[in-house]
Each structure stands twice: as C-alpha cells, then as structure tokens.
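Order of writing sets the labels: A, B, C, D and E. Residues in every chain begin at 1.
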Amino acid sequence: MQEDFELKEKYIPQLSKPAYLLVSLPDAGLVGSIAGEFLINHLDLKEYGEIYSHKYLPPISHVIGGLAKSPLRLYHSNNLILLHSWVAIPANTLYPLARFIVNYAEKYGIETIISVTGVPVPNRLDLDKPTPYWITNSEDFAKELDELNLMKKFDEGYIAGPYATILIESSKKSIRNFVIVVESFLDLPDPEASAVALEIISKIIGFKVDTTSLLKEAEEIRGKIKGLMQQTKQEIPNYAGLKPFTYA
Amino acid sequence: MQEDFELKEKYIPQLSKPAYLLVSLPDAGLVGSIAGEFLINHLDLKEYGEIYSHKYLPPISHVIGGLAKSPLRLYHSNNLILLHSWVAIPANTLYPLARFIVNYAEKYGIETIISVTGVPVPNRLDLDKPTPYWITNSEDFAKELDELNLMKKFDEGYIAGPYATILIESSKKSIRNFVIVVESFLDLPDPEASAVALEIISKIIGFKVDTTSLLKEAEEIRGKIKGLMQQTKQEIPNYAGLKPFTYA
Amino acid sequence: MQEDFELKEKYIPQLSKPAYLLVSLPDAGLVGSIAGEFLINHLDLKEYGEIYSHKYLPPISHVIGGLAKSPLRLYHSNNLILLHSWVAIPANTLYPLARFIVNYAEKYGIETIISVTGVPVPNRLDLDKPTPYWITNSEDFAKELDELNLMKKFDEGYIAGPYATILIESSKKSIRNFVIVVESFLDLPDPEASAVALEIISKIIGFKVDTTSLLKEAEEIRGKIKGLMQQTKQEIPNYAGLKPFTYA
Amino acid sequence: MQEDFELKEKYIPQLSKPAYLLVSLPDAGLVGSIAGEFLINHLDLKEYGEIYSHKYLPPISHVIGGLAKSPLRLYHSNNLILLHSWVAIPANTLYPLARFIVNYAEKYGIETIISVTGVPVPNRLDLDKPTPYWITNSEDFAKELDELNLMKKFDEGYIAGPYATILIESSKKSIRNFVIVVESFLDLPDPEASAVALEIISKIIGFKVDTTSLLKEAEEIRGKIKGLMQQTKQEIPNYAGLKPFTYA
Amino acid sequence: MQEDFELKEKYIPQLSKPAYLLVSLPDAGLVGSIAGEFLINHLDLKEYGEIYSHKYLPPISHVIGGLAKSPLRLYHSNNLILLHSWVAIPANTLYPLARFIVNYAEKYGIETIISVTGVPVPNRLDLDKPTPYWITNSEDFAKELDELNLMKKFDEGYIAGPYATILIESSKKSIRNFVIVVESFLDLPDPEASAVALEIISKIIGFKVDTTSLLKEAEEIRGKIKGLMQQTKQEIPNYAGLKPFTYA
C-alpha cells in the first residue's frame, strides 16, 4: 500500500457507524469534483490527510493560502471520509489508485463507497433538471437502491474511467460501492448536475446541505474550474483505452 | 493463470460430454459478438463467471440492470461454455488472453473450442447469403470438417487477431479448435453473417435456435452495437502488427 | 543517492548557520536561471561541484573557458549553496532530481531551501514592477513569511514542474522550502522579474547585491539565454503531464 | 533457445553432407521470399517444423488447406534445410531471430547458411537480366566465391535488415554465411531476380530446377504476394533504424 | 564491458608511448568521419577489431570487398588507435558507447583521447579557412592547449552528442580528452573542415599527412558520404534531447 502511494495523515479520524467514503475525482462534467469541493466548503469537513505518488501523480502541487499541498487530499466529518482530487487522474493511475482507495476504505471500516459522475447527454441544455441514475457492484445493494427510489436504475451500457476501477476493486473486497451518475455536459463543468447528486448524498448519509448557492454561482464556478475541465477533457478519452465509447 | 487474469466464478458448471467452448470476441463485422449475444439471450445460457485483468483489460465495466460487471464474462448450458467479451480486445492482450482461454478449456475438459469471425469481402452487399469457411489447427479434425460439409475449406491466406492466437495456443495443448469464418462486412456489424455461423454451431453442438429474429432486427442490432464496432474497427489494424494485411 | 546521480565535489564547503540552499532551474521566464547566473558572477560564489546522470540528464556538456563541465553545478558562499542548471530539466527527471536535492540539503544541514520561478501573467508588459508571491511547504514558515511582508501570499492555484517536486520532497523530510514566484513572461527571459527575486533573497540571506546591471543589460541577457529559453519552453508543458494548466 | 522462440518439429531430418540452410525472409523485392516459395513447390521439400514466438512474431497464422500454421516454417530435402517466413519480420525481431537461426544451424551441423535478397537499383526496368552480387562473413569463403565466379563481389556499401543480423551472428559462431544480392525493385515483387538467385543456388547446392515458370507467371505471382509486399515495404525502413539508407 | 558491447580483436596492438585514441563518429558536417576515413586510407592504419552490439547498434553491416563487417571498427598505427564508425550513432547509445570507449582507452594505457567534430556556423560559405577550437575535460591540459596555440579556446557554449559523453566519461577516469571543433556546415559533409582538423592532429601525434587530396576530391567525397550525412542529420537533434540547441 505504501509502495505506489504515500499517505500522510495528521491524525486518524474516528467515524461513527455506518461510515461512508465519498470519492470525488474529475470526470465528465466535473460533477463529482464540484460536489466534493462544495462539501469541503459548506459541510465543515476537516482536512486531515494527503496522498503522494512519484509514480502515479503528475509533478503538481495544489496551493491554498500560500501552502503547497498534494492535489489528492482527505477530509472527514463524523461519519464520512471524502477523498478529493484537485487534478485530473492520468489513465495509467486508475487501477492502482482504485486499489489504494479500496484498501483505505477497508482499513477504516467503511461500509459504503459513494462515487459521483456525469453521463453526457446530447440534449443536456433542454433538461430542466438532469436525471440521476445508479450503478452498483452488489446485487443486494441494487435491491436497496431500487426501493430507495432516489435515482433511476442505469439499465444497460458501459462505465469507463476512475469510477469503473473502484467498482471492480471494491467488488473483490466485498465492499459495497455505488456510483451516482447524473445527466450532464461532457466538457462543460455542470454545477446543476452536482446539486442533484448532493441532494441524494445528503439523504443517504444524513446531513443537511443547501445547494441553492451552487445554482446561483454556476457561472463563477465554471470559470474557476476551467483549467481542471481542460485537463480532464484530455484525459477522458484515455480512460476507454484511447478509443471513443458510447455510454448507455 | 491467476497472475495476469483474475477469475471470479459463482460455481463450477458440470458439463456433459462432448463439451464445447465457444469464444465470441469482437472482430471483423462483429460476427462472433452478435452470435454470442444472441445465444446468451435466446439459448437460456446461465451467467456464472467474470474475468478481470488490471494488466490486459481497459478500465471499463459493462453495466446491466444497474449492476457493474467485467466486460469479459462466462456463460454455460449443459454441454457448452460461452466466453463472451463486451469490449474490443487490445492487441497486446491477444497472446496472454489466448493462453488463459486454452488453459481454462483444459481445466474444464473441453474437447473442442469454436470461434466465430468474419472475413471481409468487397462484394458483401451483393451476396444473398454469405459463405462460411472453416480453419482448424488439427489435421484429423480437418478431415471431419471436410466430411461434415457444413462449410467450405479456407484454402490459403492469413488469419490475424484474437482467433489466430487461440489457434496457436490450443494447438500446443492438443485441444482441437476451429474457426467459423463467414464472409462479412469489415466495419459494419453483420447479423446475417452471424446467423449463418449460428446455424452451423447449432448443428455441431446440437441445439435448436431460430435466427429469424436476427435478420428481422438487423438494423436495430447495428445501431445498438455501434460503439463496440467503432472500438473494434480501431483495434483490428493493430492485430496484424499495425500493418495492412489481405485475407485469403 | 549515488545511483541515479553522481556527485563530484572538489571539497566540502563549511557553511555558517543558518545555511541556505538556493535552487535555480530553468522554468517560466527563466526567472530563477537569470537570478542564479547573476549571483555566480556578482556574489563571488565559488564553484565546487558537478552533478552527473546518465539516466536523467541529456548528453550535453556546458563549456566555459574551453573546459567541458556538467550543466548541473554547485556553488557556495559562506552561508549559501547554489545549485544551478545550465540546461532545461526533462520532465521525467523532476522527481528523482528533487529527491537528490533534498537529500543533499539534509546532508549539509541546510535549514531553508529557496527556489525562484515566474508565474506568467498576460499583462506583464503593462507592469511597472512585477509582484512577487510566496509559496511554502510549512505552516510555521508561512506565518514568518506573512510577517516578513516582503512578498504577497500566493492565495490559490497550482504549481507544476521542478519547484513543485522540491516542495513535496522537502516537506517529507521536514526541511522548510519556499518558492519566490514573480509575475513574469512565459517564454521570454525576464531579468526584471529576476531582479525582484534577488532583492528579496538578499534581504533574507543577508548579502548586498546591486541589480541595476540586470536591468541595464536586459536585452543582452535575453539574447544570450535564447537557446535555454527555447529548450525550457518545450519542456514546461510536460511538467503538468503534457496538459495545459492555468496558474493562480 | 526455447525462451524467445518455440520450435515444433514433426521429426529430425537427417541431412547428407555438406549441409546447407537456406533462409528466405521478406526483404527488398521479396527476392528471397519468391525463391523460397518456388523451392517449396518445385523441389519437393518436406515441411517438418514450425517456429512460434509470443514475443517476436505478430498474432498471425498462415492458413493452407484449412489448416492454421505458424508463418515461420521449416522444410528440407536430403542436404538442405529451408527456413521460410510467410510474414514480414518486425525490426525488433531481427537480432533474436538471427541468433535463433544460427543456433539452429549449429545444432544441425550446417556448414553454410545461404540468404537471398535484392538490392534496389533505380534502372531496374532497363535491365535485361539483373546482376547478382555476393556478400559473405568469411575471408576464406570470399576467395572461394571469387573463384566460383557465379556472382560479382559486392564491393562497398551497407546491408541492413534480417540478412545483416544473420551475417553478424553466424560470424560469431564461425559458420560461413553468404548472401546472394540480386539487383531488384524495392517495393515491387521481383520474380526475375528470384530466378537469377535460384540458378546460383542450384549450382552451389547441386539440384536441378527449371525457373522458366517463374518468369512466365511473374504477373500472377506479383498479384498473389501483394499483401506481403505491402507489409515488407513498411518494415524495411525500420531495418536501418528508422532512417533512410543508401545501398552500395 | 562485454555485456552491452562485444569486442572482436584479431590481435592486441602494442603501442609506443605516448599513445593516442582518436574517435571519429558521425556528427555535424561529418568532420570527424571524413578525417577518420582519410587516415584509414592514407596513413596505412591496420584494421584489427570490430565492435558489436545487439542492444545499441542498428542491424546494419558495412560491406567492404564483399566482406560484411561491423560498422564500428578499430584501426591502429604504432602510437595511435582509431575507433571509427561507418554509421550514425543512435541517441540512446551515446552514454554506454562513451563508457565503452573510455574503458577501452584505459585498458590500452591511452594517455589522450582526441575527438573531431564541427560547430555549424551560418557564414560557413564565406570562410576562407574554417577556424578550429578546442574543448577539453582537464584544467592542466587546457593550459597545454593554450600554449600549443594550434587552435582557439572554445570560450562559452554547449557541446551535445557523442563527444560530450566521452568528455564526461573520460573525466571520471582522469583520462585527458580534447575535442577539435572546426567551424563547419551542419548537414553538408565538410572535407575542408576535416583537413583543418587533420593538420592539427598530425602536429600533435607526430605524423605526416598531405590533405590536398581531401580538398581536391571534396565534391566526390560529399557524394559518396551522402547517405551517412542523411542518417546523421536525423540523429543530431536527438543528441540534445529532441530539443533545438544553440552552440557557442
């Protein structure tokens, strides 16, 4: 575990049960990234860890308040760990990072890993409110998600990229994982889709969050996160093995 | 065997003899892919296994009914195992996958491996019914196939790609393998060619299958499988070592 | 330490405390390179070492007075070591070189590593005097820098390239490191920005330096260092993993 | 020897002395390939072996009479082994294949390795009968070839590709090797040049062969071997290290 | 030493002292190559060795009088060894070849390694006689060269490519090495520059050589060596790490 990735934790957070791990990595529409950053700022999450890797992360530091930090950081509340990346994940990093994440979840007794991403739809502009879908790696959990009725079932298709590898790796360790897939733009940051995902997460994990600011500041967010979108846009085609791929 | 590929089986199917392994991987005209998917849906095959590989498969999951699964899966009936891929096989995966497949066949006492592919012909549009050919790795089996008279002999030429490597590897283990090569389009999905292959397989293995729906729904199938065709179209030139190659 | 890089030192300099290591590698605007070369010529630094690497440095020698030397050399005064590169650093060299530098600093009891670079700003031409910012890897040192009030705090953004990896590696060894980031051109050598950095360094380390010649000879310096700028301009995009990236 | 290449022999041919190994691999004008295939068909050579390699040969099978075989095969008469390739040899395969071939020759007590290739000449079309040259790796044999007076001496120039590496490797093992280099087209199959080479080989090894059919069927041969020519044409520039090179 | 390069020597030449090693590898203007070939033909040097490498040399043989030889060969007179290459040296070969050369020099008790190359100057056509410069790796030898006054001192700049790596490696072994750098064309063979270098070498080593033929046959030499020039022209940019670089 320490070989490919190095972990630096200020302390070990004590989580109440059931404990969740939310993973927000840049992908289509930055739906997960925007949701992750919103929670960091509005849910009073505590930053407690950084993840380093010579082998799998580019030579980039994220700077905040003059302090240089790893772009891959860990935050927590009382029953939630958030693993958030401030840079796009290179394609060859996907499998080892997924393995790291799932090992980390196991170490902390996490019961459910939640991921958030977008599924690009051509008519995104015409949608009043984008529809959320779920994908999971567990048949039992699939029944629960069906009954919860917060999202539609993702019926048939493919999922490629960082969340696909986490689904695969967590399945091997029998940790349940589900992905909230919200209809979104492909290469425009999509705060509205993030807001839809955040409402679902808040109901499942049990916290209150007011996403109206997300919708109000959509334009501003798009501007601020433009560089990350550009990076991500270039990486996404690599996730499917350098080949175009159609979802759903 | 577990090193490069990881195998996850719900149970070990008990097969009556003679036992067959049918391999359906994306190749010219998706002739094998369409045939494989048709059998999954119409022959009541039971899904019992998944094949994973960090090293040799792209970071993609196939989603069905909300459940994320490996795109390389195992199905069976009472005397048949079907190994079906829902994604195109990268060129550098061909040899290790062939070795995995042949080792798997050996472990399950498979007597005959059957593969299905297309041979692109320029006048495909003018053909009433595409002609099937056989290629095998065994002189004895060649005589049987000649006598069976269900297909023409593939007289002289080359076969490149996933089915070539399975022919090579099974030959080393003295497992007989034959490829049904049906005249087809190169980069248009060709359900008619798949229907021709399915009729031959049904006679050899001994089951009944009505392929009329394949022909009726040809247009619909082509649309649904477009993404896979695009992937495969990009991978095929790599199968011959990045060089153009003429068949037959 | 000797594996990837070979060190050739004429003698071991004895430094008075507190001891500093200044690192000047080619990056945006060559702000660090010009500052480093200026100190070599005007602060009477003694050249005492060369760094070689088959694996990580290109097959280039820097020639001075007919003598071929490594392009990566070591200089010192009574409380300062300067590690200066006369060639651009290839992207795959960044992590191992950073590790080498930090190990070297540890060996010599260095308390503070100082780096100098530019942050490209579009309106550079309109600036009377470019603004300097600081980035550091230590919370305690951040407070000191805030109080010193010689530079502004780099509030939020990214730093990619050689100075990012030194920030990461020195943080692991608990050696404090700060980067002076001066507003600059991206791919025009920027002696004015170097002069701003030199004034700050002189106040921190405690030496006197008259940078007026830097400003007078700006045109001449730009011409002389053109080849290095061209090299560096081609390497910078690689620092962020071959992807464009926006600073600040 | 078994590591990189796998050898499958039906039996071990007993050769009368002196024994020859003729190597026919695709190169300029396919002069060797056409000569090799002609001997297989007209000299009643017996096929007895196949050479496989995951690492060094592309995933291609050569099919003949419905049977899939390795594209690198072994044939023999009473004093001759023919190693013939039905596919172009990738550039990175040249050295290991040469070593394999020379080890194989040593194992079978071969005294002379003969290779056949073309040297492209711009005025090929104007030549009544292309001139053959010899290149060898042995000073003693050079004298014999001079006295034989069947070919001109290749006076000064370069030879790149598969036959160069066999010259190098056989020299190390003190097995004599000569290359018949016939003036030819570069990227048009050249049966006339092959006929010239075959006449020389027949005199040296001691068999009778009527090459008139080669000349009569030149057009037909060119059509049949077009795919191989295309492959080879793409590989030849790689033989000289991706750089253009002038012969003679 | 035998790992990466294989050495084949007919005998071990006994050299009188002081002994020199002259290295002539293709570089700018082929200044060293033309000088080396001239000495082979006009100084009655004896060919006694060949250097092979699967890993570092392309699959090319140099043919002379029908005999295939390694393109990297060894010649000697009574106090001089000449290591001459008949092909361009690939960029990734530079470091290991330099190490081989320096080890070889050490084994034979060589006191001075001499290299010859060109420095491209834009006004080459206008020069009556191109100026020679020296670069060395030894401070002591620098003084001697200054006093000798046969060449100007190369004051400041860079040297990239094969001669840079020999300077670096011989410095580590404390073998003195100097490079004669003559003003030359970049990608036109430059026999006039070679003549300038030969006059200097003859004075230093102590032999007589009449270079008038070099100047008379300049046009002929340029034609003959055109292929090597083309190869070299393509390799030179790689010597500086695929980046353009300005000398002096």
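Operating definition for what follows: a contact is a pair of C-beta atoms (placed from the backbone, for glycine too) under 8 Å apart; a residue touches a chain by one contact, two chains touch by 3 or more.
Remember, it's a predicted structure, so these values are computed and weren't measured experimentally.
Shared contact partners of chain C and chain E, listed by label: none present.
Any chain that touches chain B and also touches chain C is listed here: A.
A turn of 145° superposes the CA atoms of chain B on those of chain E, with the angle given to the nearest 5. One finds 36 Å separating the Cα centroids of chain A and chain B.
For this pair, chain C with chain D, the centres built from the Cα atoms lie 58 Å apart. Order of chains round the ring, from chain A towards chain C, by the touch criterion defined above: A, C, E, D, B. Within the complex, the chain B residues that touch chain A are 6, 8, 52, 54, 58-68, 70-71, 86-88, 90, 226-227, 230-231, 234-235. Contact residues of chain D toward chain E in the complex are 91, 94-95, 133-137, 139, 142, 145-146, 153-162, 164-165, 167-168, 171-172, 179, 239-241, 243-246.
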